[in-house]
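Two complexes come next, and they have one chain in common, chain A, joined by chain B in the first and chain C in the second.
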Partner chain A sequence: MKNDKKTILKQRADKLSISLEKKVVSGEQIKVLEFLLSTEKYAIDSTYINEVISISEITPLPCTPDFIVGIINLRGKIISVMDIKKFLSISGADTANIKKVIIVKHSDIELGIIADEILGNSIIQLNEIQTKVTSITDVNKNFITGVTNKKLIVLDIKELLLSEKIIINEEI
Partner chain B sequence: MDKKQEFLKKMLATFRMEAEENIDALSAYLIELEKNPDESRKSELIEVIYRSAHSLKGASRAVNLSEIESICHSFEDVMSAVKNDEIKFNSQVFDILHKTVNLITELMNQLEVEIDTELSSRVLSHIEDLSMVEVGLEVENISTNNIKEVVVKPENPKPATQNPKPATQNPKPETRNPQPQTPNPKPKTRNPKPQTPKQTIRVSTNKLDNLLFQAEEMLSLKLSGIQRTKNLQKILGKFSVWNKEVLSVLTSTNSIKRLLDKKETGNQISINKKDISEVVQFYEWANSYIKEIEKDVNALRNFTHQEVYTTGAKIETLLEDVKDLITVPMSTLLDVFPKMIRDIAKDLGKEVELIIEGDNIEIDRRILEKLRTPLIHILRNSIDYGIEIPEIRSNSNKNTTGTISLKVEQLENNKIEILISDDGAGIDLKKLKQLYIKNENISDNDIDSITDADCINYIFRSGISTSGIVTDLSGRGLGLAIVLETVEQLNGTIDVETEKGKSTTFRILLPTSIVTFRGILLEVSGREFVVPTSKVSRVLRLHNNEINTIKNKATISFNGEIIPVASLSEILELDKQSNSSGYVHIIVIEIKGKQVGFVIDRFIEEQEVLVKNFNKQLTRIRNISGATVLGSGKVVPVLNISDLFKSSLKSTGTVSRLSDNAKPDELVQQSILVVEDSITSRTLLKNILEAANYKVTTAIDGLEGFTKLKEGNFNAVVSDVEMPRMNGFELTAKIRADKKHAELPVILVTSLSKREDKEKGIDVGASAYIVKSSFDQSNLLEILERLI
Partner chain C sequence: MKKLSIAVKIGSGFLLVLIMFTVVSIVSIQNTKKLKENENWVDHTNEVLFKIENVLGHLKDAETGQRGFIITGLERYLEPYEQAIPEIQKDVSDLKQLTSDNDNQQRRIENLNTLISDKLAELKQTIDLRRDSGFEAAHDVVVTDAGKKVMDDIREILDSMIEEENNLLQTRKEVALAATNTAKSTILWFTIIAGVIVILLVIYYVRIIAVPIKKLSVIAKKTSLGEITAIKEDTNRKDEIGVLIESFKQMQEYLLLKAEQANKIAEGDLTIEVKAISDDDIMGVAFTSMIKNLRQQINEITEGVNVISSSSSEIMAMVSQLASGSAETASSISETSSTIEEIKQTAEVSNQKAIEVAESAAKIAGVSQNGNKAVTETIEGMNKIKQQMESIAAIVIQLSEKSIMIGDITTAVNDIAEQSNLLAVNASIEAAKAGEQGKGFSVVAQEIKNLSERSKESTAQIKTIISDIQKEISRAVMATEQGGKVIDEGLRLSSSASEVITTLAASIEQAAQSSLQIAAASQQQVVGMDQIATAMESINETSVQSSSSAKQTEESLTGLNDLGVKLLNLMKKYKLK
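Then we have the complex of A and B:
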């Protein structure tokens, strides 16, 4: 919990400080939150992150695709939680015990993304991101901005949240 | 986004709100005006329409929406001409005014984007039309404004009834302008509905929704409090085990103590005397220490219980109040219908009048929002299939204008009833029966057993349409299936009645608010799920060999009925749990008279649940309608009953096993009828019985009790003695005189403790007689258990 508060406070502080920094540093850059999911490191643009919460249990939901981990109760609202790795069909080990959920939001869509560990905030220069990565398939390349030289996978979270592909709308 | 843009955006949002109100008002008043009301109402309406157009004009100018502004300006001019008796209304004037409203709505939808050239050219030509109308000229071919309307308007040869001096009116515009500022004698007629001065504020629905979420969360606090009390009760139970064990060694401890007290030292004992003495001392200390803890826990339990009770009551009140905040009158939805009906009917070359009653009745906004689509579907169906075209109507001696009435009525128990009827052709049952037989592969032998009710309920199945052709309004056979699904999701019911050539009536029953309902918590493949108790007709435990296979489908027979059975874990695509007990648990669910059994792992308990919707990512999940939060904080999915039904039809039913003569034993949910005139006692009894897992129906006196008894199926009756209309003795005698219920257990609960009364109770045939002063719940439950 303590850690969370710190993260949140730090995020807030960072958000507030962003305009100043922008003036100082030139060149296009984004502020991201880095997190670990099994063996890979991912990054999400902080602008779309509402909060990070610790979670002890996620209720699995039948009849949904496997990238839906389940649902949680977020202060009275039921929020779905998804596994980015499964959604992007990136191969690799499954996550054993999820501890953190990153709540992301854009216009009317709000959802959780699971993470094994939150690594913290950082600033990425856009020109440092390699956009041509062989391991990225055609299916998911829209949702990945690119990979940094530190092997950080930068997600295009806005594109993802706006995509119809994440919406589940199935009749019998 | 810079500040200016942000400001503009905010302004636009405010404008939209105001404009929507004005547009709704405009179309509603135009419709009313068209019905030709008496003169005083007419001038009132004209004034109101004029003012709405005027304020819309002002508002759009403020946010720089020149298109809307200029349309409103012309609209206002026309109304002003009407006001000054310069022109008269005819159907063309109405058409063009309605079209104006449509056009403004269209423009509203493009607020945030560049208006396309096609639309803006339409705006221009429409303004021209308006100015023609204003000076009393007939507009030629107005349909070019709106593609949809090209087909209609064949006749109408009567020349314009206005004054034949169009040109002379032109000089007027200048003098007209100052009028808006000095509006006529009745300034307060903007809203002609009876207005009591109420102080209101405008709050965004977002804020209200958040408030509701928070208030609902409080409810889970109450549930978790109940859970805590149960936990404490469990701990207390453990203490009583300790106390029992202490008692069982009491004699041994005493004799050891006596031995130790004796001065003379026996040889064997003396060796360990000191040790034994210490152990005994410790034991005695431990014993009293545990007693103290027990006392503390007991106090804590009582305190928690009390707290749950008081905070629970406060939370209920809070929730009620919040619920009240989000109720809105039905009119917020229904006001737009007359115009919509008018437009649809016109497109189809039909004449339809919509009569709305009871639109002041208030309902939860969330329910109302979901009602929009079903109601529109039903109304469209009524126009498309129900109401005949004018020629046919006049041939069958009906008024050429068809009538659709939409009646809303508030019923008891927080329910509302919506009746939608049309005086059209009715539903073709013959055609429906043919479809039914064809699609369901009914064999010739069974055809006779198909009832009209079977057929008529069949229209709610998707893919069913009696219409030969598919129009863009209906005919695809999806409409009524969606209607049924929505209504059931709202925990309501829907029925249809039809009389060939005369009418069709849809009857929808709905709760006025969504808060909580009773749900059954059950386990499937090791996971928990909730189903609404109202949809569950039975919970059974059957031996494996009581499941039969008929035509490759697993079934059970119960009370002479054959009920198909499906595996819930299979439907939910879960791994099957191995079951070695030889027994299966089945919940039987009923929708519209059809039953299906679902095999589950086990039934956990019945409790109060609050269903929450999913977020947008989970727009629609197969078989699951939402989720609820248990007292423990655990999130549990709520199953979608209509989906389960559909899925069960597809399921292979692999639970099959051959056998005959199934004899299921019913496990839970015995049904009790409680007859009691005092509301407090009635509620108390109901709560006690429901807590003990009985299904309870209540009646307020003997007469109502007896009626309900005949309607339902009950396992026992619990009745008060002193009641109006028919007392408990009379009721008991009546029950005993009835052949069907001669054996039904009847328990009289009464404050009459005199011996004669008790004897009288036994004379009339009561099975048990409980005096209220000696009344406690275990007593009643014990007796019930013995009798049933």
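Then we have the complex of A and C:
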């Protein structure tokens, strides 16, 4: 038993020591939030993120595109929630009842993005991001900054929030 | 003569002989009658003579009594005198009656009567004198010789009467003798004539009846032996013999005709026509129907012979099959024999086994009682187990409820961990926004995140464990329910087992009896098998014989086939219309 505890502690210590080493090695770096869409890992720059919430009830809105799931009430503020999978045409099953919503903000535009799973914060080196990836479709190319060597897809949330697609102006 | 019938001839001959013998018998009867009459006359004469002697005798007795009395004077000497007096009277009357047909004798009896009266008177006188006057007076009367003279006259008359009767007797004897002689000669002559006539008749009959019949009988004898000889007798006779001879000739002709027809039939010529003379013509009718039947039969026989010749070839094929079949039978029989030996051994074994089964059945009867007891105990135990199972089921249900509660708690814990994770993420975001000052805080947030992840892992583990426990509990519940059912089933089964064991005990008793019977039966079976084995040996011998017989039959059939061909050839010889 003592040995088991020792090994567990040792592993933990090793993990922490590696993260410190990385920090030492890093040049220009950004902090991101990692999350899962279906089985793929995605990341958003932490500077645009207000907070992460867990919500069970989303009020659907009529006369909106597919990717707008509905609206939520967050401490008195009404925020629209977007299914980014439908927006980016990523295949995958519908998400669970209890949904994680990432609240992002840029120049007064606040938006909730549904994530399947929140993986946590991490720091990535900018030079690690490869911008030219052929597998990414042309339509979505504008909203993706690049892919890290750990197959982490980094979304350009600023571009996404400012894009014309997101502006809802449908007439019925 | 030739036109008279035999019956008339024989009848007239015998009538002649009958007449002759009638004459002879009449003569004999008359002669006998005469002889009888003569004999009666002789007897009559003898009786008359006897009476005459009697009269004289009695007179002498009377005289004797008179003389004795005179001499003695005693009354007792008068006894002959007194006895003779009535006798003399009676004799004289009888004599008179006997000679009533003769006048000479009647006259003499008249004289005699007178003389006898005189004599008796003289005797009475003298007797009275003697009694009255004494001897001298009587003597004087007697010496006068009057009595003697009467007596002499009586004697003389009696003698003449005797002579008369003797003469009569002599005459009658002579007449009788003459009649006898005449009869004798008459009978003799007639007998001789009758004999001659009989001899002549016999010769005649022999000539006209016996001789032709003898000849005919010789010819008939030959005919009966099949030889037909012609009759040379003349056929002028119209009497029965003539008819017989004629009929015989016709019969011979008829027989010769039939013989000729039979000869033709024998040669196979069935084309001849035979007609019956009359309905009573037995042979004619028989020949007609014979020819008709023969034609029909020969047709049928020809057909039959054809069938036989074809059949015999078929039979030959069949017999050769039979021969091979009998060989197979022989091998089958040897197999059967060995099988019977095996069956016999099996029967012996089964006999032994049946005895063992009977013993076992007795043991099993005891065991079944123990079994019944054990089943009762089992039922009690089952009931206890049932109670235990019910309490276990209650406990398991409680456990199930508790585990559900644990599940609810872990869900809550998981939610908390989730929230903690998000909080940690948010904290880390806030720390990032804070810049350098937020670095320490970000480490704390990381630690919280780690803790929440570990909580999640733990709750996941607990969830899996609880779900496992839930599955196990539901299985346990089902198991207890099944256990309850199984125990109920067990109770039912053990009660039925009790019944079964009771029934089994009875059955075993029956089985024991049955096995004894089986033992006896299998013993008989062994004996029977021995008999079958003996029988099979004889069958084996028989089959060997039949095998050889089949071969012989095959050879014989070859002969039969040849015979069929010969018969066909023979049948062709018959001429039919």
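Heads up, the rule we're going with is that the second predicted complex is superposed on the first by the 140 of 172 C-alpha atoms of A that agree within 3 Å, B and C clash if a C-alpha of one lies under 4 Å from a C-alpha of the other, contacts with A are read in each partner's own complex, and residues count from 1 in each chain.
The definition used in the following text is that a contact is a pair of C-beta atoms (placed from the backbone, for glycine too) under 8 Å apart; a residue touches a chain by one contact, two chains touch by 3 or more.
Given the structure is predicted, the values throughout are model-derived calculations rather than measurements.
Engineer: With both complexes superposed on chain A, which partner does A:Ala13 reach: first (chain B), second (chain C), both or neither?
Structural biologist: neither
Engineer: Between chain B (first) and chain C (second), which does A:Ser46 come into contact with in this model arrangement: first, second, both, or neither?
Structural biologist: A:Ser46: touches chain C, not chain B.
Engineer: If you stack the two complexes on chain A, which partner ends up touching A:Ile72: first (chain B), second (chain C), both, or neither?
Structural biologist: first
Engineer: Touch check for A:Leu33: first (chain B), second (chain C), both, or neither?
Structural biologist: second
Engineer: Let me test your reading of the model: by the given contact rule, A:Ile118 touches which partner, first (chain B), second (chain C), both or neither?
Structural biologist: In the superposed model, A:Ile118 contacts chain C only, not chain B.
Engineer: Determine, under the contact definition given at the top, whether A:Thr59 touches first (chain B), second (chain C), both, or neither.
Structural biologist: first
Engineer: State whether chain B or chain C is in contact with more residues of chain A in the superposed arrangement.
Structural biologist: B
Engineer: Please output the residues of chain A touching chain C within their complex, sorted ascending.
Structural biologist: 31, 33, 46-47, 49-54, 98, 100, 118, 120-121
Engineer: Write out the stretch or stretches of chain C touching chain A in their complex.
Structural biologist: Within the complex, chain C touches chain A at residues 418-419, 421-422, 424-426, 428-429, 432-433, 442, 445-446, 449.
Engineer: Which chain A residues qualify as touching chain B in the complex?
Structural biologist: Result: residues 57, 59-64, 68, 71-73, 75-80, 82, 108-111, 166-172 of chain A touch chain B.
Engineer: Quick check on the complex: what are the chain B residues that touch chain A?
Structural biologist: So the residues of chain B touching chain A come out as 213-214, 216-217, 527, 572-574, 612-624, 626-627, 629, 633-637, 643, 646-647, 650.
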